[in-house]
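Shown next, in structure tokens, is the structure this report addresses.
Chains here go by letter, A, B and C, matching the order in which they are written, and residues are numbered from 1 within each.
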Amino acid sequence: MNTLLTGYKKEALIVSFCGVLIALVFANFGSAFGLRMLTEIACFTIIALGLTIQWGFAGLFNAGIMGFIALAAFVSMLVSYPVNEAFWQSDFSSQLGWVFAKLLLGVAIIWGINSLPTLRNRIKLRRLLVVIAIAITYLVFMQNLAPVARGIETGAGFIGGFGLPVWMGWIAGGIVAGILAWFVGHICLGLRSDYLAIATLGIAEIIKAVLKNADWLTRGTLTVSPLPWPVETPGEIGFIASRAQYLSVTIVIIAVIFWLLQRAYSAPWGRMIRAIRDNELSSAAMGKDVNGRRLEVFILGSVLMGVGGAALVTFNSIFDPSGFLPLHHTFLIWVMVILGGAGNNTGTLIGTVIVYIVWVMSEPATLWVFEGIKHLGLEWFAWQVPNDFDSRALQMRVFLIGLTITLVLRFAPSGLIPEKIREH
Amino acid sequence: MSLVNVSNLVAGYGNNAPILQNVDMTLQQGQIGVIVGPNGAGKSTLLKSIFGLLNIHSGEITHNDKSIIHLRADQLVQQGLAFVPQEFNVFESMSVEENLEMGAFIRSDDLSDSIDKVYGYFPPLKEKRNQPAGELSGGQRQMVAMGRALMSNPSLLLLDEPTAGLSPLFMEKIFERIIAVNKSGVTVLMVEQHARQALAIADMGFVLVTGQNAFTDTGQALLQDDDVARSFLGG
Amino acid sequence: MNEIIFFINKVLISGAAIGSVYAMGAIGVTLIFGILRFAHFAHGDMMTLGAFFAFALTVMFPQAGQAIGLPTGFVMLPVAMLLTAIIAVLLDKTFYLPLRNNNVSPVVMVMASIGVTLMLQGLIRLFGGIEARYFFFAERKDIFRIALPFEDASRKIVITEPQILLFLFTLFSVFAIHYILNKTKFGKAMRAVSDNPDLARVSGINIQKVTIVTWLIAGSLAAAAGTLLSLDVSLKPDLSFNLLLPIFAAAIVGGVGHPYGAIVGGYVVGFAETLSIFNWAIFLRPFRDSLPEWFELSSNLALVPTEYKITVPFFILVVILIWRPTGLFKGKVI
């Protein structure tokens, strides 16, 4: 049996299984829903490809994908959302400018102190001065920002966007996610692998907290909508045509990423990355800059996560900081990648399709099962269910995600379609 | 009666090509056995295989006529084997006495007699008993490592290059202690780079070359054998 | 004087309380780190689980506390600790041991522990719901107000009974950990495994048994920390996620694999949190009139707004990773 299902036969079987799943969704829920799901799958695929390079190619554990998605989605919103005239005409726009000018000045001073030639050899003194400069800059910035932020919130609401095209927003989102990755990677990549997981988990929560509470910047819990689309909106041409256009945009992005990744995989750069992953010590001994290569991979993956995250949030058309959940925006993507086969782009695509469809369908399925339990409980034991039974029932999905992760790691560590080691 | 017997052993690291090819070795109760040979001959590999640390492809290892190839390390210690690795052979953050106690983990009786016995073999350890082993000199560490191994009251002591990195003076001392330990009834099997000195105290010598038995004889016989001398004792 | 009392209440007592919780969590994390070599992400949920056991027992036997004169939740603590410790061992047997036997890399273990986190989270919320719960539904929570013998001190130092119990219990567990690690056979074996696992194995130390003991200690401390925190504040199912980062920060600050360091780290992080969200304007207020004109006193001079509290442990973590990745007490090599 096992020999029958090896190689391409097994792959063909899995691909056709995906096709059947998609067809079933279209048949049962209609084209509009089907297209929505496919577009979301496409966006998740971009994110998952980002993770598959980080994890599959380089063995880097990113436990804070949500943070990269949220940050990129915010940047994309900032770039592409229509200009808020009320803000730009108020005094606060110039005041905000001054606040950031002061911040820049502070940063320049810190940088200056750090690179002052007379302090080069007096590390302790330099450190002390840098810390003091950072503390003063921080305090001045916070004290100056607070009244301006309050003013913006009571007057114009929030600063709005720049009204630029959406694609620029996505690219900007990807770039900012990459910059964040540079910072995190710089600190953690030389240390043991667990530290990267802890740091990314933390940074994700911090980004969420900032986006949720900085109302002047993001409207916080009030949410921003509707986000502009890169294609014609459903209001103009209807759901099916509009979503089909959106889907084709994302598919083009995936195709480009795929092409680039396949090339990179077999290029010297890709081989070096995999050599480092498989044997860090010997690669380092051969004089390869292990941490430099890893940093590149980490940034590249994060850029993809940013672009995909921006596309995903744009598609949902609402920027809601509280809507970013570790379960949905980090661990679900983990399941997609490890189930599909880390380090294999096709595997990642297939993993995303299967996991996302199952995930979407699991909500009604869980409720249906628990409705049955409720019914039987009442019939047989006169069991009165708690009021929040439905929201509790949905927690079963959290359990199942966790169970899937542990089971895949144990029984199919290389996923459905393992990485193919190609000889060159 | 043979205490430890290795026959037709094929073993190596993981699933890589085996390093040992059909090695045989027999050591009687109460003897000192020395494994010597050029670098890369598989000396340490043989020792580690006996202690269950490597992947055994085929062959048999018996201790007291019982097969021991499927036992875990802690079960081997229960059987009366003890192993002193070449490197990282003390718990650096723990005191000398705690190191000794760790060697006796499988025992649940009173340890004070055994600890005194170890201090008897290695007097310098007694005054350093409360010092972290990581702070000791190389020779003293080797004493801690051997003392730790003796704490499980082994019948067979396996030593992986006990004199590596030590000065000639210390090497003499360690060999002297090994003889003392052996006199108390412990069979010793060790790997040594200092082949002449080691064979001089050996009852049995095993010369390995490229993972195979080259010569096997008593220590004295090997020292006087011209072939052995020519091939690797350096004339 | 009132300002100082306010400071004592808001910074010293609260910081010591949350620091004790972090310390107990961090001991567990650091022991697991030292012996099994991976960052145990499910630790926060083990704390929540323990608190839920204690809560369930409190609901079942609401009268138990009165008989002894202590809060029922505290009386039930030993049982909750035992249950959580057993669950911890079972989780290891079912999910972590098979992976260790496959010789996977530490990162995979971390991922598996995230899987376990999600499973525990799902189950806790499935059975426990998602709303906050209070241990003191049938009893009164004792709050002690201590007046200071100063004339101008109209405020009082406020300390609650659960806080006192928390301090006492932390003190007890620190001594217990010290005793276990230095005087008992398994405790010493734990240090040996943490120091040099290969040598521990060839010395005949039964790694599986040591692992079980480690989980028993980590699990029961997690349950104690979770329960005592919930007694003081409330029991929320999302407790775990907010605790995870400070606990990791504490363990890393103290030096990974270093239990005493973890205790210090716990208090460092705890006090850092309360100091950063403390409103320093209170100390300046008495001098309001003598301040220069241009210095407009803001009503809130906290270093970090309360809603960004989570940045404090992260900031500490980043600083320690940049300047001293081995931690204050020279933990395991990075």
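Everything that follows uses one rule, which is that contacts are C-beta pairs under 8 Å (C-beta built on N, C-alpha and C of every residue); 3 or more make two chains touch, one makes a residue touch a chain.
Computed from a predicted structure; not experimentally measured.
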Maximum inter-chain contact count - chain pair: A-C
Far-end chain from chain C, centres as C-alpha averages: B
Nearest-to-centre chain - CA centroid comparison: C
Euclidean distance of C-alpha centroids - chain A vs chain C, Å: 29
Inter-chain centre distance, chain A versus chain B - centres from mean C-alpha coordinates, in Å: 55
Averaged-CA centre spacing for the pair chain C and chain B, given as whole angstrom: 46
In the complex, chain A residues that touch chain C: 59, 61, 63, 139, 143, 146, 187-188, 190-195, 197-199, 201-203, 205-206, 209-210, 212-213, 326-327, 331, 334, 338, 386, 388, 391-393, 395-406, 409-410, 413
Residue ranges of chain B touching chain C (in the complex, touch as defined): 51, 53, 73-74, 76-78, 82-83, 85, 88-94, 98, 101-103, 105-106, 148-149, 152
Residues of chain C defined as touching chain A within the complex: 33, 38-39, 41, 95, 98-99, 102, 104-108, 110-112, 114-123, 125-127, 129-131, 241, 244-245, 248, 252, 298, 300, 303, 305, 307-308, 310-311, 313-314, 317-318, 321-322, 325, 334
Contact footprint of chain B on chain C as seen in their complex: 185, 188-189, 191-192, 195-196, 198-207
